[in-house]
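Before any comments, here is the structure.
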Amino acid sequence: MLLNVQAITVNYGAISALRGVTLGAEQGELVSVIGANGAGKTTLLKTISGIIRPAKGNIEFDGNDITRQRPEKIVKSGIVMVPEGRRIFPDLTVKENLELGAYTLKDRHLKKNLFELVLTTFPRLKERLRQHGGTLSGGEQQMLAMGRALMGDPRLLLLDEPSMGLSPIITREIFGLIELIRKEKNISIILVEQNAHMALEHSQRAYVLENGEIVMDGPSSEIKHNPKIIDAYLGV
Amino acid sequence: MDILGYVLQQGINGLQLGAVYALIALGYTMVYGVLRLINFAHGDIFMLGAFVAYFLIAKFGIPIYLVFIITMLACAIAGYLIEKIAYKPLRDAPKISLLITAVGVSLFLEYFLSLNAIFTPNYIAFPRPFDVKGYDLAVFTITNVQVLIFIITFISLFLLYLLIYRTNYGRAMRAVSHDKETAALMGIGIDGIISFTFIVGASLAGVGGILYSIAYPQINVFMGIMPGIKSFIAAVLGGIGIIHGAVIGGLIIGICEVFVSAFLSSTFRDGVIFIILFGVLLFKPSGIFGKRIEKV
Amino acid sequence: MRFFRESWIFLIVSVSIYIILKAFFAFNVISPYIQQICLYAVIVALTSLGLNVIYGYTGQFSLGHAAFYGIGAYTSAYLTKVLSIDGVIPFIPVLVFCGLVSGLVGYLIGIPILRLRDDFLAIATLGFGTLVRVFLDNSDKFAESLGGSRGFVGIPRITNLELVFFFLIFVIIITRNLIHSRYGLFWRCIKDDELAATSVGINTANMKLMAFTYGCMLAGIGGALYANLYSFLHPSNFDILRSIDFLIIVIIGGMGSIMGTIYASIIWVGFIEGLRIVLPAQVLDMRWVVIPILLIALMIWRPYGLMSKRRKV
Amino acid sequence: MKILDVRNLEKSFGGVKAVDQISFHIEEGEVFSIIGPNGAGKTTMFNLITGLYRPDDGRIFFIDRDITKTPTYMLAHLGIARTFQNMRLFGSLTVLENVLSSLLSKRTYNLFSAVMRTKRFAVSEKAAEEKARKFIDFFGLSGKEDYTASSLSYGEQRRLELARALSTEPRLMLIDEPGAGMNPKEIADLAETIKAIRQRYSVTIAIIEHQMNLVMNISDRIMVMDFGEKIMEGTPEEVKKDKRVIEAYLGEEMD
């Protein structure tokens, strides 16, 4: 396993946001985590990326314990998160946003290559390099956020609700790009989604998070046929 | 005397004062950007700069360019230590606790340095490193002090501009001031950037301290209070958190102050500055260059 | 009357303290200098209580409390001098008037600035404090007897133990009644979450203004008592440092605690003035070096105030 | 009868239209839900109705009265109450005080009564407290009156917020994502609670919610929003079948 999350518990004051969550991701695997709003999905990603410290449990990445490391260290070791709602820097240009993504990298040559790669993956960004991030459309902002993360040369990408607020067509485009990134660069991806349809469609394995606990996990193809899941997350 | 010449002359004098305010205001605005804190101790860093320069010139007779470098270094260290010791432990505390701490730091610096064993609370004459010379430009005169202030301020602003808009650190600073959490997700060390911001701001205040003392060669441990507050007002006037706003705000405040002294009475100048503050807070709280931000 | 009936224990304790103090004063157990300090402590308590309503209960951070204290002091000094008042009874309406003047100024300045929050309110109140200071420094231009930067001299000494004690007790009861009424509840709601407060139907602008006006009134009364205790005023008595004095007292006493503020005032004045007696002048200068360190340490150690309960998470 | 009538409402933030020419109305006594993806402008709509934002254009009527410019606190007195997406309780106040805050914000007694502790003061305070305890009891929080709001569990805090809103005795209650962070069992309880509120206090309810099973279970009518625009409005059955809604929000059916 590239990433190994062992029984982490996270508390906000008296409330436990995560209770003994265990999950993992292999090299080059797309893993999705589905669950309702407030189930603890974002907390899980923030804990892996070091923004939140778990009260219990540990997290291993590529054989190293990263449980209590600072976020900048974790980024350096190759885990990059794309936050919910994109959170691009609206007053910085698209180019500056991308350059910030490579903040931890020192190798100029590598940076240049990554920049080229991002622009070929997201050709739409190329046309808008000098524009301020805030002027982009929702879908373009999502691309910028993903491109910015790729600039950090990640081995594991954490995606928080990439489809949030996007139209179905753009959502499909974004998911296509996610697949592309995974295949071409062999990057592992953990995807957190409310849109269970899309998440289960594209991931190899899935976890179901309810009220801070993993209540189910397994291959996505099985999970999407589970009657309970259809009822709770796919139904309508 | 010719009225136009007089007005122009006062304008130049106002720009001289305003340039110094601009240098101090930059520190306020940058620190406010990354921490959302009014760093009350910033005016005292300015004072510290004046005192360090005083010792370097009066006691050691060091050449002027070295005075600038050493003073900036000393102020940078002071700024760094203040942040690490007093502000960092309060990162998650209520905003007002941080503000009270800042007031505490300011008082401590003033009263500690006013001890007789350190600097004394008295006014000290600041030794100018060169004699004042005026150049008559027909309508008004400009002094070599003013020329020095304009040049140094301009160079500082230019370097700061390069730093903020052309380097990785500058980008990181802007990212942190916009959204700390996302900046951290980019691998930016937040604590490092905050320290760096204090260091840059304090160095600029140090430069301001030297220039101010050369222009108005009387120094005192409490000299930082009013210029500090006025520079903060300048930062608010220009739009807090906005670099060029601080510069323009500083110049406006400086010119207003000199004009009020020249045409009204010097005793009213502080009052007028605060009336400007009320005006800004009430009618355009985001400042000249600021964007409107809605609540909720 | 219910007003007194509900506070009888408090009244008994207060009267006992008064009798003990009176005995001390009458038999000269304590020197006139210390007597004066005792009265001063009570005045500081009264004024700090005003700031506690503004900041401790309602969460409106003010760095200009000394300005309202100063307005009360100068108003009283001017009136008692011009009207040559020297008795306690004719002085009482003057006191009330001074409270009303400070309250009115607070009300007028509050209408615009109380829209601001946290640090911007701090800088606005600080600005108002500076304006008042500038005005006092130039006051001789308006009326010669105000003295300007030379200070106001020859104010009749009227303030005595009965007066300060009576006013403090009266104010404590009123404040306590306010705090334990819907108004106090609204103030605390505003401190916790202003937006939620307006959503449940509280007119937050009015309530903030009310707390601010009331707090400034107390400062005005405190200032008036102060002016006629020392018979000399100087603009520097009412600068930012004095505002910080009151702030420290509110913080030490625990924000939102009436008795905490009273104790803290007595401890604080005792500490400052006590040091003046005990320490030689040179060491005395150290006070304002040590106090900020204590303040910073206090903020780091307990950001919600010394006597406040530790917040349960 | 139309209890709330929104006409051509518009609001932009920095050039982006958060609410774009939306009109709808709510009938007295119904449960009206607003659904749509995050960022569709649902909470902005609530903020406009409760006066926290001023619309750029359009009008809002509450029982024939134009409330477009009415301040927030006045709306609470007129009969509009709300809860917040991320709960805004008075954390350092007790449960009882939280509920009392809204009960006492009505004209009860004046400043003079408060200072002088008149009879009116005592009577009003006692009445308000009794009433508050009833609401606390209704939401299953009795026994916790003296706990600070911040010490309650997540679910209890959600219920306390409902209690506080309901205690203003509103005619229209706006509830913003009550089901956020709840598991299916809690959602089911919540549905019962909302039905009970409606029956017992005969209040009209408007809800923003993501949990489809909750929305479909309790709503009489649903409005679907996306990108600040109204996509459609109708009964749960109509919404479920609507092609535009499936495309924009519900997603295509899986095969």
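By written order: A, B, C and D. Residues from 1 in each chain.
Rule of thumb we're sticking to: a contact is a pair of C-beta atoms (placed from the backbone, for glycine too) under 8 Å apart; a residue touches a chain by one contact, two chains touch by 3 or more.
In this text the structure is predicted, and so the values were computed from the model without any measurement.
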| item | value |
| --- | --- |
| A-B or B-C, whichever has more C-beta pairs in contact | B-C |
| Chain whose mean Cα position lies farthest from chain C | A |
| Between chain A and chain B, centroid-to-centroid distance (C-alpha), Å | 42 |
| Distance from chain D to chain B - Cα centre to Cα centre, in angstrom | 48 |
| Between chain D and chain A, distance of the C-alpha-averaged centres to the nearest whole Å | 33 |
| Shared-contact residues (touching 2 or more other chains) in chain D | 14, 52, 150-151 |
| Multi-partner residues of chain C (each touching 2 or more other chains) | 195, 313 |
| Residues within chain A bordering two or more other chains | 13-14 |
| Interface residues, chain D side, partner chain A - complex | 14, 37-40, 150-151, 153-154, 177, 179-184, 210-213, 216, 226-227, 240, 247-248, 250-252, 254 |
| In the complex, chain C residues that touch chain B | 61, 63, 112-113, 115-116, 118-120, 122-124, 126-128, 130-131, 134-135, 137-138, 195, 241, 244, 247, 251, 282, 285-286, 288-289, 291-293, 295-296, 299-300, 303-304 |
| Partner chain C, residues of chain B touching it in the complex | 36-38, 86, 89-90, 93-101, 103-108, 110-112, 114-116, 229, 232-233, 236, 267-268, 270-271, 274-275, 277-278, 281-282, 285, 295-296 |
| Touching residues on chain D, where the partner in the complex is chain C | 50, 52, 71-73, 76-77, 81-82, 84, 88-93, 97, 100-102, 104-106, 108-109, 111, 114-119, 121-122, 125, 148, 150-151, 164-165, 168 |
| Chain C to chain D touching residues, read off their complex | 1-3, 6, 174, 177-178, 181-183, 185-186, 188-189, 191-193, 195-204, 311-313 |
